[in-house]
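Look for subunit A in each of the two complexes below; its partner is subunit B in the first and subunit C in the second.
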Partner chain A sequence: MQLEYPPIYSFPPLYTRQPNKIIRTKQIESWITIILDLASKNKLWTISKDGTIENSLNIFQNNDIGRSVPPLFIVEIMKIMFTNGQLVSKSDKKSDFDSDLSNEFYILWKPIESWGSLILEWFETSNKMNQVVTLYELGEGDESIGWEFHEMPAPLLVKSLKNLVSRNRCTLIKDENDKYIAMKVI
Partner chain B sequence: MGQKGSKIKITETDRAVLELKRSKDEIHKFTKRTDQLISSERSELKNLMKENPRNYKENTKVRFLLKRIHYQEHLLERASDQLINLENMVSTVEFKLIEAHFLKGIQNGNELLKKLNREFKNLDEILDDVQEQIAYQNEIDETLSHSLAGVNDYEEEIDRELDRLNKEVNPEQTIKLPSTEGLASLPEPVHKEDLKDGMPSQKVEKVPGTEAVLLS
Partner chain C sequence: MEYCRYIETSRSGQPTLRENENDILIDYSVGLYSGKLKQLDKQDGRVFLTSQRLIYVDNKLPVSNSIFLELDNIESIDYNGSFLKKSPKIIIFLKKRNSEKDKKTRNVNSLWKCPICQSDNILNGIKLSMENAKEQGLVCNICGVPLDFSLIKDSLTYSKPSRNSSHEDSICPACTFMNHPDLTNCEICGTRLKKQAGVIVSDSKKPLFIQLSFRRSDGTLFYQALTNLLKEIKHKDVFNKNATTINGVLINEREKEKLAKNSNFAISENKMDLVGISGLEKSRENQLLNNDILFNNALTDMNNLMSLVDKIQRLYRNKDYEIKVKPSLIIDREKFFDKDYFMDEIAREIYEFAILEFQNDGNVMITLVDLYAMYNKTMRIGTGLISPQEMKEACERFTKLGLEELKLMKINNRVLCLSSVNSFEVIKSKIIKFVEDCPGSDVLKINQHLNPESQANSNWTMGVIAEILQDCMDSEKLVIDEQLSGIHYYKNNSWL
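After this line comes the complex of A and B, so read on.
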């Protein structure tokens, strides 16, 4: 993966937990911006608890300058992202950061409500209202190419759609194995 | 839309469309996979040819690979045909659903029209009734106007009586009257004869009236 990083990514103090609280807040903000930007530009959806994005790249480890963020500080950053709603658990069960067992999170560079709205917009513009649409069609189909949610992992799509369900705009349909496979949006 | 409590229903047709779409998705997945397979096999083939630039035509693996690629391409073509078929099917079904909606709308409209027309059925009866009522109203009006005429007569009587009383109460006026009557008396007889018969009779009526007052 050839990824582009902002200049601050090569700034060594970024990798040391800053003792001053105000500076540390800024530092964590920078980290969050780096992660969310990187994820949205390259469509990276998952991050594990130790900061490995899409099972291949540890964002907190910079080999170019030979620096890495200490694990405890990684947890601190991830925890803040979790409470900000910028990370969401992979499992369906609602849980807090520490008790989450899935060990992997989805990166939400957009809040879940915005994803829901974007999907709703797709339904409206592509004339799919009041029709059954499969999850595959929504996420992988040719008709959603060019939309930001294209190639979004199916469970995350379901999470976004559940937001639409709570807004009474959507019904999810399960298959015979009790797995979500389709939806109908009005 | 969007109101609380309004659950979106999944109908039988929705389920059927879903099945169609699922098979469509399967084919879509298949074409994607085959596409990838073909491109990877092509690059493999090229590599093999690069490795054996002289005897690649005799290499069974090269031949096999190319055959495989052709076969996969053939499959891909068929799959995309099927995909188009299914897509057409889905859109046809969706259009049919809209047509069904249209039919339902027409039926509802027809039903409503029938109902409304049924209400017009006793139109004749109502019109007759209205006519009757109008006639009756006219009758009432006539009767009323009659009785009103009666009231008028009565008022004339009152006027006359008041005149009489006036003469009684204010005798000076009666004294003054002769002078005016005297002036008018000359043309009066001429008028009386020229005018309708009713006029003199009225005068005649008045004359006994005054007498009656005098008598009482």
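After this line comes the complex of A and C, so read on.
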């Protein structure tokens, strides 16, 4: 996977936890920007607790300049992303960062509400209102190509739709295995 | 005060002593009187008694208002105790020298041209005039014709004597160095030259004395010390009078003879002693004695050689090494009867030391820890070390003593530093500039940059550099990259 990084990615002090608190806050912001930009540009959805994106690339390791972020600092960064709502747990249960057992997170480069609104917009523009649409159609169907949520993993789609449910604009339909399969947007 | 001379003092207000001069006693809050007249600008100062001089250093204006008096100008001293509001005084009567007159005549040479043979004649020490020309009964050196004043008066010129006459006085009695005739002390070894002591006065009728008025102490100690010293000085005249050898070389012919006599004594013995066992013993003794002499000579030669070697080495090493002048005042705890005064003196010494040792381009910055170690190691060995507490106290006294150039400051809220006013910012900007030019530098590199080997007088210590780096990070100027190899510093451009 050939990815493009911003110039700051090869700045060695980025990989050391800065002792000055103010600088450190900005340093972590830099990290978050790098991760979110990378994810949104390349449609990457998951990151593990140790920073491996889509099970293949560890973002916190830069072999070009021989630097890597120490594990404790990775946890610190991830925690902040989690509290910012930029990471969301894979499991359905609501939990905090430390007690989360799934070890993997979805990367939300948009807040979950924005995803919901975006999906709503799609429904409106493609005249699917008051129709039953399957999850597959929404996420991988031809009609959603070009939309940002195209190729979004199904569980994450469900999470976004649940946001719509709470806004009373959507009903989710389950199949016989108690799995979400389709929805209807009003 | 015209019979006192101006003395050079260091910036911290300590007098610069001569070679071989050492200080004996210091007293505080002393005012000066010339005769009975109060010297208004010299009312608050310290008085140093040294082995050669009495030095007054003014507290307010140490550089311009400090003076000294040679001890051998003192005729006698007297002590006047305190009475009601009058503070105790030491009265110092000065020796008078009324040499203006004989100087005048001696100082002129007359030069006249013989009207017969046109040769120049010089008459030393006499000012030739109409009156004394006859009495002298002068004749021309070349042709022997008696002098006729009316004939030579056109050619008569007076001139200052050549230096010859005063040279005798300018030769140092201790080291034989020929000094400039104006000097009163030998330039090399500091010995007082054999000039007439005493101050020259125009009006010899007036009693000549100065008074030291002690405002705080009662001055008795000082009086005693001065009395003893004056007595001592009277007995001692030449600096190394009783020395027999210098650098292992006999300096006195007499000593050599004595040694030779000793050896001769053993050799020239009775013929009768050569017989029998006693004779054998004698010859054996002789042999040992001779060996001794031989050895002695050999050692002397060796000494000579070694001293030469020393000299050559010193010459070689000092080629471009600048010797720093150090205050030669010895501050001994025991000399002070008050801890407060001791601390004041220590403070002055530390101030001077810090400026001399740690100045880089006019900036001083040193952590107190480093300064403490350096100061104790270089200045206090043999005179009693000072404690860290005393060091800190002394540094806190700078402002009180009017030493404004250095300040005690706390950097990063934890390390006490002695620094000149803006040195912190100067060195900080230097470091930031360097890190900007060479990103990824570690402490070692920064140190090497700040203290290049070619620049021997540059010495920012590691402690100071570390503290400044810390400050740079606290103020978001630098960021770090921590690796196994150490901490590398980068300019913070990204996270401002």
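FYI, the second predicted complex is superposed on the first by the 186 of 186 C-alpha atoms of A that agree within 3 Å, B and C clash if a C-alpha of one lies under 4 Å from a C-alpha of the other, contacts with A are read in each partner's own complex, and residues count from 1 in each chain.
Note that in this section a contact is a pair of C-beta atoms (placed from the backbone, for glycine too) under 8 Å apart; a residue touches a chain by one contact, two chains touch by 3 or more.
Source: prediction; values computed, not measured.
**Student:** So, A:171: does it touch subunit B (first), subunit C (second), both, or neither?
**Tutor:** A:171 sits against subunit B, while subunit C stays out of touch.
**Student:** Between subunit B and subunit C, whom does A:184 touch in the aligned arrangement: first, second, both, or neither?
**Tutor:** Touch status of A:184: first partner only.
**Student:** Can A:8 be said to touch subunit B (first), subunit C (second), both, or neither?
**Tutor:** In the superposed model, A:8 contacts subunit C only, not subunit B.
**Student:** Between subunit B (first) and subunit C (second), which does A:141 come into contact with in this model arrangement: first, second, both, or neither?
**Tutor:** A:141 sits against subunit B, while subunit C stays out of touch.
**Student:** Does the superposition put A:23 against subunit B (first), subunit C (second), both, or neither?
**Tutor:** second
**Student:** Considering only the touch criterion stated at the top, classify A:132 as touching first (subunit B), second (subunit C), both, or neither.
**Tutor:** It touches subunit B, and subunit C stays clear.
**Student:** Mind pulling up the subunit C residues that touch subunit A in the complex?
**Tutor:** Subunit C reaches subunit A through residues 440, 473-474, 476, 479-482, 488, 490, 492, 494-496.
**Student:** Can you list the residues on subunit A that touch subunit C in the complex?
**Tutor:** Touching subunit C: residues 8, 11-20, 22-23, 26-27, 30, 67 of subunit A.
**Student:** Write out the stretch or stretches of subunit B touching subunit A in their complex.
**Tutor:** Against subunit A, subunit B makes touches at 1-4, 6-10, 14-15, 17-18, 21-22, 24-25, 28-29, 32, 94.
**Student:** Tell me, which parts of subunit A touch subunit B in their complex?
**Tutor:** 131-134, 136-137, 140-142, 167-171, 173, 181-182, 184, 186
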